[in-house]
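One chain, chain A, appears in both complexes that follow, with chain B as partner in the first and chain C in the second.
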Partner chain A sequence: MAAGRYLLRRAGFALLLVAVVSSASLVLVRLAPGDATAAEALEMTAEERARVRAQLGLDRPLLAQYVDWASHAVRLDFGQSFLYARPVSDLLGERARNTAVLASSALVLATLIGLPLGVLTGSRPDTIGAAVTRALSLLALSVPPLVAALLLVLLAARTGWMPVGGMTSLAAASGTWGAWLSDVARHVPLPALALALPFAATLERVQSEAVADAVAEPFVRAARARGLTYGDAVRRHAWRASLRPVLGIYGLIIGSLFSGSFIVEVVTAWPGLGRLMFDALRARDLYLVAGTAATGAAFLALGTLIADALLALADPRVAEEREP
Partner chain B sequence: MTRRASWLILALVVAAILGPWLAPYDPGRAYRGFLFAPPMPPRLVGPAGLQAPFVYPIRLVSRLDQRYEEDRSRTVPLPALVSANTGGTPVFLLGADSFGRDVLSRLLAGARVSIGVAIAATVGALFLGALIGVWAGYRGGWIDELLMRAADFVLVLPVLYVVLVLRAVMPLVLPASTIFLLMAAIFALVGWPVVARGVRAIIRAERAREYIAAAQSLGASPARIVFRHLLPSCGGHLVVQATLLLPAFILAEATLSYVGLGFPDETASWGTMLIEASNVNALARFPWTLAPAAAIFAVALATNLLLERSAIKLSRS
Partner chain C sequence: MTPAPPAADRLGAPPAPVRGGTLTSSIRSEVRSYNRISARDYPTELLATLTLGRLVRVNRATHDVEPWLAESWTTSADALTYTFTLRDGVTWNDGTPFTSADVAFSFQAVYDPSAKSVLRNSLLVGGQPLRIDTPDPHTVVVTFAEPFGPGVRLLDNLTIMPRHKLEAALAGGTFADAWSAATPPADLAAIGPFQLARYDPGQRIVLDRNPRYWRTDERGEALPYLDRLVLEIVPDQDAELVRLQSGQIDLTQQQLRAADVATLRPLVTQGRLQLLEIGVANDVDHFFFNLRPAQWARDPRRAWLPRREFRQAISHAVDREAYADTVFLGEAVPIHGPITPGNRLWFWPGIPRYEFSRDKARALLAGLGLQNRDADEWLEDERGTEARFSLITVRGNTQLERGAAVVRDELRQIGVAMDIVPLEANALIKRMLDGQFEAIFFVFGATDLDPALSPDLWLSSGSAHVWNIGQRTPATDWEARIDALMAEQARATDLAERQRLFREVQRIFSEELPMIHFAAARLYMGVSARVFNLSPGFARPHLLWSADTISVTPAGPATSQ
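Presenting the complex of A and B:
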């Protein structure tokens, strides 16, 4: 019961987030100096420019324009992009998928690297493996996605092991769905790894601390007393108990995963949501900015929601607590 | 290790402050004949055996693919660090960029800009965070509720996007000094919530203690209680936050400038320098353009080391 109400409240917050973020970005860009016609301003007469502005709806008062946009947006119609001359929703679907591919690959990669290593360093802190892992994790934590992406592009360009950028190669563009998938699979490791490194290190740290705390609990000693080996006690009991802080961190990571995803998309020419929003901002493409902001916020809210739901599942006490 | 990390940070800050005097060349000066000149490693052992530090000069072999060769027939003494422009053959210890500008000199000049913005932004974020945190924590009630809700909201947002939007809605072309202030202000605006939440929590906890009641009964004014008694207990929190924010802001500057929303190209900052590395072919052939990335890594590593050690110390005590 409590869990249901808890999730409902979180969903309400998510909706609010999407609405506030997209509205705020629309209003901010509208109020910003320069508009979508600024780039061609020199080639147009004043009358022509006024006509284009009227066409784009830029001559209306802010409030009228906003109300019009919002009433369409609630029906998921985000208007027309000035820059691409296509409906914003079409663009969003495609780019959102690409960002989702990148971010989820990075998250999976970070989890696969971070959690097992964290269990190792947390449960056997005095081994050589743990010492090496801790040193590597400190290094990885200090390599922000911008630096990691540049380094990996350098590595890829010098060795030819991986494609240096993009999401698909031209050759595979016309192929079948399977060919497309395998082509994307070839392109994704580089940006995903660049994005995953600091998060893998963070997860390793949190997992390590959580396991170290859990191992010190009496129930682990009890399990040992019943004759379980140390490894079994860690795997079956301590690891389980350590899940709560680890799941808690996922909700916090999602925001920075998005931030990191933007710069990785720019460096590796990954056609994702971040680049789209950046291009839209520079071109003062009002509706596209608002659309990307709404989609980004929706992603963010969904990610936090999933993380919260997992957390509530793993530990029902969470839902009972009042929100901070 | 803590000591080494502190020394590293200190060295970087000193380099940032003294940059213009340490730099061997004018960071803006373009040596036309030395586009993408490779780094010239300083040597001690030459044809005449051990001698004063020197480098072998380089010679352009192929203009088409910008290839240079060391000229082993003569040696050039290392330029004195304090810049007396030697004329003659320039010595690029870390190579030159696409305009033939000295990477080392630009790295030093850039340190001043990048670390400067980050320090200004950190001070701003700490000030704003402490102000809001104290206000919320001391007053309590609906103000507390409102301010902390606002902090939570900002915390949820992906920081970089907020920075991007705020910067992008400003005029794109601005003088470098305006951009410096603008960036610091924007960073401070997204950086305050964590600071404020921590300060508020500490103030709330401390307020309930007996010594505050004692101070109040002695007739101390709220201002005196806040500044004399409550704020000092937030010191540790503020120091930790500063250590976290500084590298994050350095990275934010680099990111903004890299995508063209930061400093103008001709201003040397770690971000504008990385623009040189945005072309894959140039990056693959002239990897020394990544020097600022190494600097960013060094700052992040040093601060992470500091934080790690202080965390261990805290958990032991």
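Presenting the complex of A and C:
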């Protein structure tokens, strides 16, 4: 019951987050210097520019435009993109699916890399393997995503191990569903790896500290006293106890991954939400920026919600502690 | 496997272009629309070039006007009326005959306010629309309101749209939204060498050969040679270069950056790439001050900052050779006006020049009362106001930022301080349009190489007359004189007379220096060695403007991954 109320409250918070982020995006882009007509301004007469601004609603007061947009947005109608002359919702639908494919893959990769390495460095901190892992984690955290993505693209181009970018090849794009899926699977490792590396490093660091704390707990010592090996005690007891802080940051990781990384998507030509938002921002495409921000915030909120639910399931005290 | 002939051999007319194959190019941005009359972004323009047609076209390699969908035309004695004869047997890709009704419809769409045409201003003569008559399905009569120097060259601006597909949209007032990027290929029509096969948003645009394309080569073989043309959407320039190096694309739409030219040279030596020099760029970096009188009315620097001698001093103070070497790594030529040697017909080698001379610069500044009156390195006027101004440029544009730094260092040598303020492009444009700046360093291109077709820069009322934009009446005598000369040269029909008048415009411009120019880049394109029969052009699309005659060797196609 407490868990249900807790999750309901979190869902309410998620909706509020989406509303605030999308509204703030719209208002900030509208207030920023320049508008959607700027790129072509030198090719337009003053009258033509005024006409285009009026068509886009940029001559209206900010409040009137915002109220109009918000009243439609609650019905998931985010308006018409200035840039593409298409409904924002259609564009979001196309791109959100692609970002979800990339983000899921990156999440799996980050988990598969980060958690085992975290357990290793947390439980056996004095080994050479742990030292090397910690150094690599630091490196992965320090390298900007732009550099990591470019390095991977270069590596792919030089070796031919992976496609250098894009989501599908032309042949697969017009083939069967199975062919499409296998083609996407061939394309996804490069951007997923570029995206996953810093998150894998974060997970490794958090998992490592949590395991290090857990192995010092009395129940682990008791388990060892009952005759379990150190490895078994870590696997059966310490790891489970260390999950709480790790699940705590999963929400943020899921949200960050699913809201789209424009740098990785631009460099690897992945047709996702991040790239759409980047294009929209550059073109001052007001409604498209607000729409992509709303979708990103929704993913972030959903990620947090999933992480909270997992946390509540793994440790029911969480919901009780957070109930007023 | 046929070995690829040496790159240099392929730039002429190869003996036998090969029919078939796929050419893969990159493109930086997404297509917004297939409706060229209502959208002016580059992908829309490129797709119009590839799938649609014009009555006449300007050959991007020779600069000449050549017949296209119209096979010939005659001009009336008063040079006001042009009678075009359309080609026989031309059809749209769905089999509908192409007739004069399509031409009349396209003009109607251009001038109809509901169509929100972006081509309207480029198809006015003397501020008036052209009159179009279609006495029969194969004849179009175009009448100008007054004599117009560029003549039929003007019609290169008009993309012909299919009446049978878009007539209902124009009648219903929905033309501006017609042919959006979401339109299925079956709902479009093509008359150019290619037809849209599919568009995967964010990934690629695929064009297949139009089997009903009207053009043949000199052997009578149907064009285009290529079976398929793929435009891979690659937004990042570095990633684009990697794809070109690895052979996954055959060419790019954008010219190479100076640093990339050096990177690609080893691949040229290995015979994997061709490096095509297109010529000197026509789009140059413009350095200009705000010359709106209101800007300086209450400014303590009003006695010298808006004066032409100050601008002349800056022009003398910059070593253009060194500028070209530093900013463009040597791949540039010094220039002294906005018309570069790339514009063969209108470039004037005799334009007055400001040779590099710090002494002359200092003398001009001294004439304005600017002297070093204290212990620091900067000049001051009689009131003690320092010779200092701010320059806005585009954040993240390496060429502009590097260029601004060179100018700042040169001005420092003559005691003038310049503070560089990098802004995001949209913010810069807003300040430029609103007149909220002291000086700006920015790149933008002329609408057309013919000055009569790019009046927006030259005329005081023009939208690109950026130092004092959109004046109701000329603010200065010299701007009034340029307005008059431009009007006269636009009306003149004799090319030599037009060139004489435009030289006078350039002379005044050079004397008053509302804009200062330092160097123009030499343009290079990197192209896979498997591509031949190329005809590099002076304007975008530099290579695909003649896509119907491009051919590829059958072996080793670029793979679209």
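Note that the second predicted complex is superposed on the first by the 302 of 324 C-alpha atoms of A that agree within 3 Å, B and C clash if a C-alpha of one lies under 4 Å from a C-alpha of the other, contacts with A are read in each partner's own complex, and residues count from 1 in each chain.
Definition applied: a contact is a pair of C-beta atoms (placed from the backbone, for glycine too) under 8 Å apart; a residue touches a chain by one contact, two chains touch by 3 or more.
Quick caveat: nothing in here was measured; it's all calculated off a predicted structure.
When the two complexes are overlaid on their common chain A, residue A:Pro33 makes contact with chain B and with chain C alike. Residue contacts after overlaying the shared chain place A:Ser259 against chain B, while chain C stays out of touching range.
Touch counts on chain A: comparing chain C and chain B, the chain ahead is C. Touch criterion not met for A:Pro245: it reaches neither chain B nor chain C. In the superposed pair of complexes, A:Val267 makes contact with chain B and with chain C alike. In the superposition on chain A, contact of A:Thr304 is made with chain B only, not with chain C.
Contact with neither chain B nor chain C is seen for A:Pro116 once the two complexes are overlaid on the shared chain. Of the two partner chains placed by superposition, only chain C is touched by A:His187; chain B is not. When both complexes are overlaid on chain A, the residue A:Val164 reaches chain B and chain C alike.
Legend: residue contacts after superposition of the two complexes on their common chain; A:Leu139 is shown touching chain B, with no touch to chain C. Shared contact residues of chain A with chain B and chain C: 32-34, 150, 153-154, 157-158, 164-165, 266-267, 278, 282. Every residue of chain C that touches chain A in the complex is listed here, in rising order: 29-30, 32-33, 39-40, 116, 118, 121, 177, 180-182, 198, 200-204, 206, 230, 232-236, 238-239, 242-243, 245-246, 248, 423-431, 433, 444, 447, 456, 463-464, 466, 470, 559-561. Residue ranges on chain B touching chain A, taken from their complex, read 152-153, 155-161, 164-166, 168-172, 251, 254-255, 258-259, 274, 277-278, 280-281, 283-284, 287, 290, 293, 296-297, 300-301, 304-305, 308. Partner chain C is touched in their complex by these residues of chain A: 32-35, 38-46, 48-49, 51-52, 55, 83-86, 90-91, 94-95, 98, 150, 153-154, 157-158, 160, 163-171, 173-174, 187, 266-272, 275-276, 278-279, 282, 284.
The touching residues of chain A, counted against chain B in their complex, run 17, 20-21, 25, 28-29, 31-34, 138-139, 141-144, 146-147, 150-151, 153-154, 157-158, 164-165, 255-256, 258-260, 262-263, 266-267, 274, 277-278, 281-282, 289, 293, 296, 300, 304, 324.
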